[in-house]
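Two complexes follow with subunit A in common, the first pairing it with subunit B and the second with subunit C.
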Partner chain A sequence: MTIWNKARAARDARLRAGGRIAKGKIVQAADATALLEAVIEPGDRVCLEGDNQKQADLLARALAAVDVAKVHDLHMVQSGIVLPEHLDLFDSGIAKRLDYAFSGPQSTRIARMLFGGKIELGAVHTYLELFARYFVDLTPNVALIVAVAADRDGNLYTGANTEDTPTVVEATAFKDGVVVAQVNEIVDSLPRVDIPGDRVNFVIKSDKPFYVEPLFTRDPGAITETQILTAMLAIKGIYAPYGIKRLNHGIGFNTAAIELLLPTYGERLGLRGKIATRFALNPHPTLIPAIESGWVEQIHSFGGEVGMEDYIRARSDIYFTGIDGSLRSNRAICQTAGLYACDMFIGSTLQIDLQGNSSTVTTQRIAGFGGAPNMGSDSHGRRHPSAPWLMAGKEADPDGAPALRRGRKLVVQIVETFGDKNVPTFVEKLDAIELADKLKLELAPVMVYADDVTHVVTEAGIANLLLCRSKEEREQAIRGVAGYTDVGRGRDAKMVQQLRERGVVRWPEDLGIDPLDADRSLLAARSIEDLVRWSGGLYAAPSRFRNW
Partner chain B sequence: MNPPTDGRRQSPSWYESAARDRARLLLDAGTFAEFLGPEAREMSPHLGIFDLPRQFDDGIVVGRGKLAGTPVFVAAQEGRFMGGAFGEVHGAKLVGLLRAARDASRDGGTMPVLILFDTGGVRLQEANVGELAIGEVMRAVIEARRAGAKVIGLVGGRAGCYGGGGLIAGTCSALAVSEHGRIAVSGPEVIETNRGVEEFDSKDRSLVWRTMGGKHRRLLGGAELFVDDTIDAFRAAAIALIERAPAFDLAMLKAEQARLAERLKRFGSCADGLDVWKQAGVDDPAKVPGMPADEFIALAQHIGEGRHDAR
Partner chain C sequence: METLSYRHTAARRAAGARPMAIVGVVASGNLEVLVERVLPGSDCQVEISTPVTGFAKVWEAVITDFVERRSPGGLRLSINDGGARADTVSLRLAQAVRLIEEDGR
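Up next, the complex of A and B:
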């Protein structure tokens, strides 16, 4: 006779094994490793919550300390590979296979381990893609998650950094998995419930608060005049003509410059209320001056940002907050918002090729994708019209029947022609292709595909790829804004001139912008201290960003 | 409630300004004349070996001009070029200026020198000649002071005043520092690398500022004046310090030795800047870092070290 509830029975057995170490749902921190040895079985799929910002660090240390004879060959399925322990697991044989999305701080070591064969790689995903697979073929057997506080029933309060937790718990708890949470404190009553307790099996109070990275804080003091020029070009040459109101910004200094130019340069151009009013965006401190100057109506966030808690609480008209007043973020939902409800993504990258494919991978570093490809792609599932979307669609296909013509999301790459250490951003061939060869990957890790990119902005100008009618025009448009890089110097001057006449390529003078006007005095805030002042003292800058 | 939105303050920010602008705007309008300017192309002979970009002025601007009508020499380091680090040419330009001040002062007049520090110390790519440059500059400062020249250090740039720059600052007649200015020999990262993160967490910037920052140096007596981050404030400080800096003689050296011994006795057991400030008589040390410049200047005047013959 067929047994239809094998997984549930197995889950119950794990819970009984874990229950011997717990008192109710509560497990002592010292027993964390014993708990994991009890509830995890060899070969399990495990999500060790490593998000973009917050980290289940106690559980990571506990998992790295298990007896490899008891727990081994795990298949890790988590969005972020951030802590050293995340990779130690593979060194020791506790884990074997990996499916992930982002590996910022571990990008060099992960590359080395992939080359060394220490990690069996499934795929590098985008966030939404990995989350989607949690519900189809990468459902975790065990989720090790992190929250700010729990009550004795296991209800969880995540605070500002809810991030991936609801998605991970949804997939695990409702498919016979075990959910273990580390929390900073166990309290009698929570400020709000972010995760209902009946989805959480074990709770461990950590000896110290979980690690969270202020990943979205950009010091205005480090913004260069070149970046300011790219920001001026973007505002005047893209935001204004398309009337972009709903958008997502990447985390680079170019977009930080845009945020800081809105109340100054943008104001001077009379654009307040006409552009940049609604964001899918983390709580960037550099957006404070624009918010305070009345530019921004609403922001939904993937995660929180260290130091922004009190400011957000005091500006609940702008942010999504819970009944306790603090930010509620949610990565999966915000990624969906960015994909379907924003008319533009603008962000930076490390390499762009002659057709506009871009990548942040170099042969030494595999940083993964995170959310940029979700934000930076044109959703074919979109059906609602908006002026910028229709205008971009028309530029791409001027002769199509209007009622049948898809709009286009603007996907803008904003870069300097030479990046860090004077390495050219524009290349004939992406390093990602060489990497794919070396690792024998079927797909090169491309961040944003050429057919999704609509504009490239550099200090040399703007290339509007929507207006290109052939592969050759596209290449010359990109060469036309590639400045003094080899790619830029290899341009066909005559053809670029024709593209300028058609408005496909626009240099600063074509937009009435004098590069000498790109001055740091244009920034609404020129230091972290200025941001604190703009916030009326509500923004508590993390110590590492202070210069006072 | 809103801070400066358009960046137009009464006087430009010292921190934000480039070296040449600092030198030019500090002096009486139209009086600054540069020696060995970029057109002379006196560049580092070493950086090319490492395929590193060079600059036509090797990251330091030297020249002469007038300050409140009085002739002065001025040297300004550019913190945005290799962290304002001392290389061979960079150092030689400063040594030459100091020797010119010595000679001018020896001939009966006095020629004050303003050193606008903005440096991480020796340029590692020019290690030995860079170290030699520091030694030569220190000697040249002492020789100039012995001849009667006042050598005033102004610290408020991006790179602070570290390494050999911190040593040279110690030989100056007097120092003025702003909040952003930091004065020390070993930088935060160097300490962390050598002694471990438990000893000094270089990423804890408020710790860095409590240990090396302008307010701490002022309260500890390491800098004579604390100033707001504007060109005007540094100008006023330079004028005041030229006026009041002590002569360089045996009596002053003895007084300075006594002052330093006293400082060690008073603060030697303190573990943190906050303890030092408390010991120095600040009622609420935790408030010091966030204190606006004018408020802090009043506080420093109130509790700062008394006037004495030491520097």
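Up next, the complex of A and C:
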């Protein structure tokens, strides 16, 4: 006779084994490793919650300490490879295979381990893509998650940094998996329930609060005049003509400059209420002056941001908050919002090739994708019209039948022509291709594909790729804004001149912008201290950003 | 240390009467530009002292564009470079000309 509930029975056996170490659902921190040895089996798929910001650090240390004779050859399926322990697992043989999305802080070591064959790589994903696979072919057997607090029934409060937790728990708990949570404290009554307790099997109180990285704090003091110039070009040359209201900003200094220019330069151009009103965005501190000046109507966030808690609580008309008043973030939902409900993504990158493919990998570093490709891509599943989307679609296909013409999401790469140490941003061939050769990958790790990119903004100007009608035009448009790099100096001056006349390439003077006006006095806040002042003292800047 | 020197003839003489001006600072990724009104007619000279070698072609392109766009006739510009990127060099050169062209106080 066919048995139809094998996985449930196996899960129950694991729960019984774990239950011997627990009191109810509560397990002592000292017993964390013993619990993991009891509930994890060799070859399991395990999600060790490593998000963009928050980290299940106690559980990471506990898993790294298991007896490799008992627990080995795990298949790790998690969005972030962030802590050293995440990679220690592969050095010791506890884990063997890896499917992930982002590895910022470990990007150098992960590259070394991939070259050394220490890690069997499934694929590097975008967030939504990995989350999708949790429900199809990468469902975790065990999820090791992190929350702010639990009650004795296992209900969890995740606070501002909910991030990936609901998605990870959904996939694990409803497919016969085991969910173990580390929490900062166990309380009688939670401020709100983010994860219902019947989806959580074991709870461990950590001896210290989980690690969370202030990843989206950009010090206005470090914004350069060149970045301000790129921001002026973007606002006047893209935000204004398309009337972009719904958008996502990347993490870099160029977009931080845009945020700080809205209440000054944007105001002067009369754009308040006409652009940048609704965001899929982490709680960027640099957006505080624009919010306080009445620019922003609504923001949904992937995660939280250290220090922004009280400000968000006091500005609930802007942010999504729970019944307790604090931020509710959700990475999967915000990524979906960015993909389907935003008319523009604007973000930075490390390398752009002659057709507009971009990548953040170099041969020494594999940072992964995270969410940028979800934001920086045109969803073919979109069906609702909006003015910017229709306008971009028309630019790309002016002769198409309007009722049948797809709109286009604007995907804008905003960069400086030279990066750190005078390394050119524009290249003939991406380093990602060499890396793919070396690692024998079927796909080069391209962050944003050329066919999704609509505009490239640099201090030298804006290239509108929607208006390019051939591969040659596209190449010259990109060369036309590549400044003094080899790619820029290699341009066909006559052809770029023609592209300028058609508005495909627009240099600062074509937009009536004098680079000499790109001055730091244009920034609504010129320091972290200014941001604190704008917030009325509600923004509590992390100590590393404070100098007062 | 590399020193480079470029001579150009600008389209016209720089405006104003101020004899000299300084912009920028010698710091990593930045540069200092000293500009002096010492040359005859619309002659223009740019002297560069930089710790970074191998960027002569970039300097040449930056200076050529600068002379074309800002027409710094009669000026000698001396650059003390701290490894600045081309965009920063362009900006400082333009700022130097703007400053020396301001009405004298």
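Keep this in mind: the second predicted complex is superposed on the first by the 548 of 548 C-alpha atoms of A that agree within 3 Å, B and C clash if a C-alpha of one lies under 4 Å from a C-alpha of the other, contacts with A are read in each partner's own complex, and residues count from 1 in each chain.
Here is the rule we go by: a contact is a pair of C-beta atoms (placed from the backbone, for glycine too) under 8 Å apart; a residue touches a chain by one contact, two chains touch by 3 or more.
A quick note: this is a predicted structure, and the numbers were derived from the prediction, not measured.
Looking at the overlay, what does A:R526 touch: subunit B (first), subunit C (second), both, or neither?
First partner only, subunit B.
Could you look at A:G536 and tell me whether it touches subunit B, subunit C, both or neither (first, second, both, neither)?
first
What is the contact status of A:R16 with respect to subunit B (first) and subunit C (second): first, second, both, or neither?
neither
Look at A:P515 in the shared chain and tell me whether it touches subunit B only, subunit C only, both, or neither; answer first, second, both or neither.
In the superposition, A:P515 touches subunit C alone.
By the touch definition at the top of the document, which applies to A:K6: first (subunit B), second (subunit C), both, or neither?
neither
Which chain makes contact with more of the residues of subunit A, subunit B or else subunit C?
B
Taking the superposition on A as described, I'd like to know which of subunit B and subunit C A:E225 touches: first, second, both or neither.
So A:E225 only meets subunit C here.
Report, in rising order, the residues of subunit A that make contact with subunit B in one complex and with subunit C in the other.
Dual-contact residues (subunit A): 422.
Per the contact definition, I'd like the list of subunit A residues that touch subunit C in the complex.
Per the stated touch rule, the residues are 224-226, 229, 416-418, 422, 459-460, 483-484, 489, 515-516, 518.
Flag every residue of subunit A that touches subunit B in the complex, lowest number first.
Interface residues on the subunit A side: 221, 263-264, 289, 292-293, 422, 520-526, 530, 533-534, 536, 543-548.
Please give the residue numbers of subunit B that touch subunit A in the complex, ascending.
Per the stated touch rule, the residues are 1-8, 13, 16, 53, 158, 179-180, 203-207, 209, 213, 289-290.
Inside the complex, what are the residues of subunit C that reach subunit A?
So the residues of subunit C in touch with subunit A come to 52, 55, 57-58, 61-62, 83, 85-88, 90-91, 94-95, 98.
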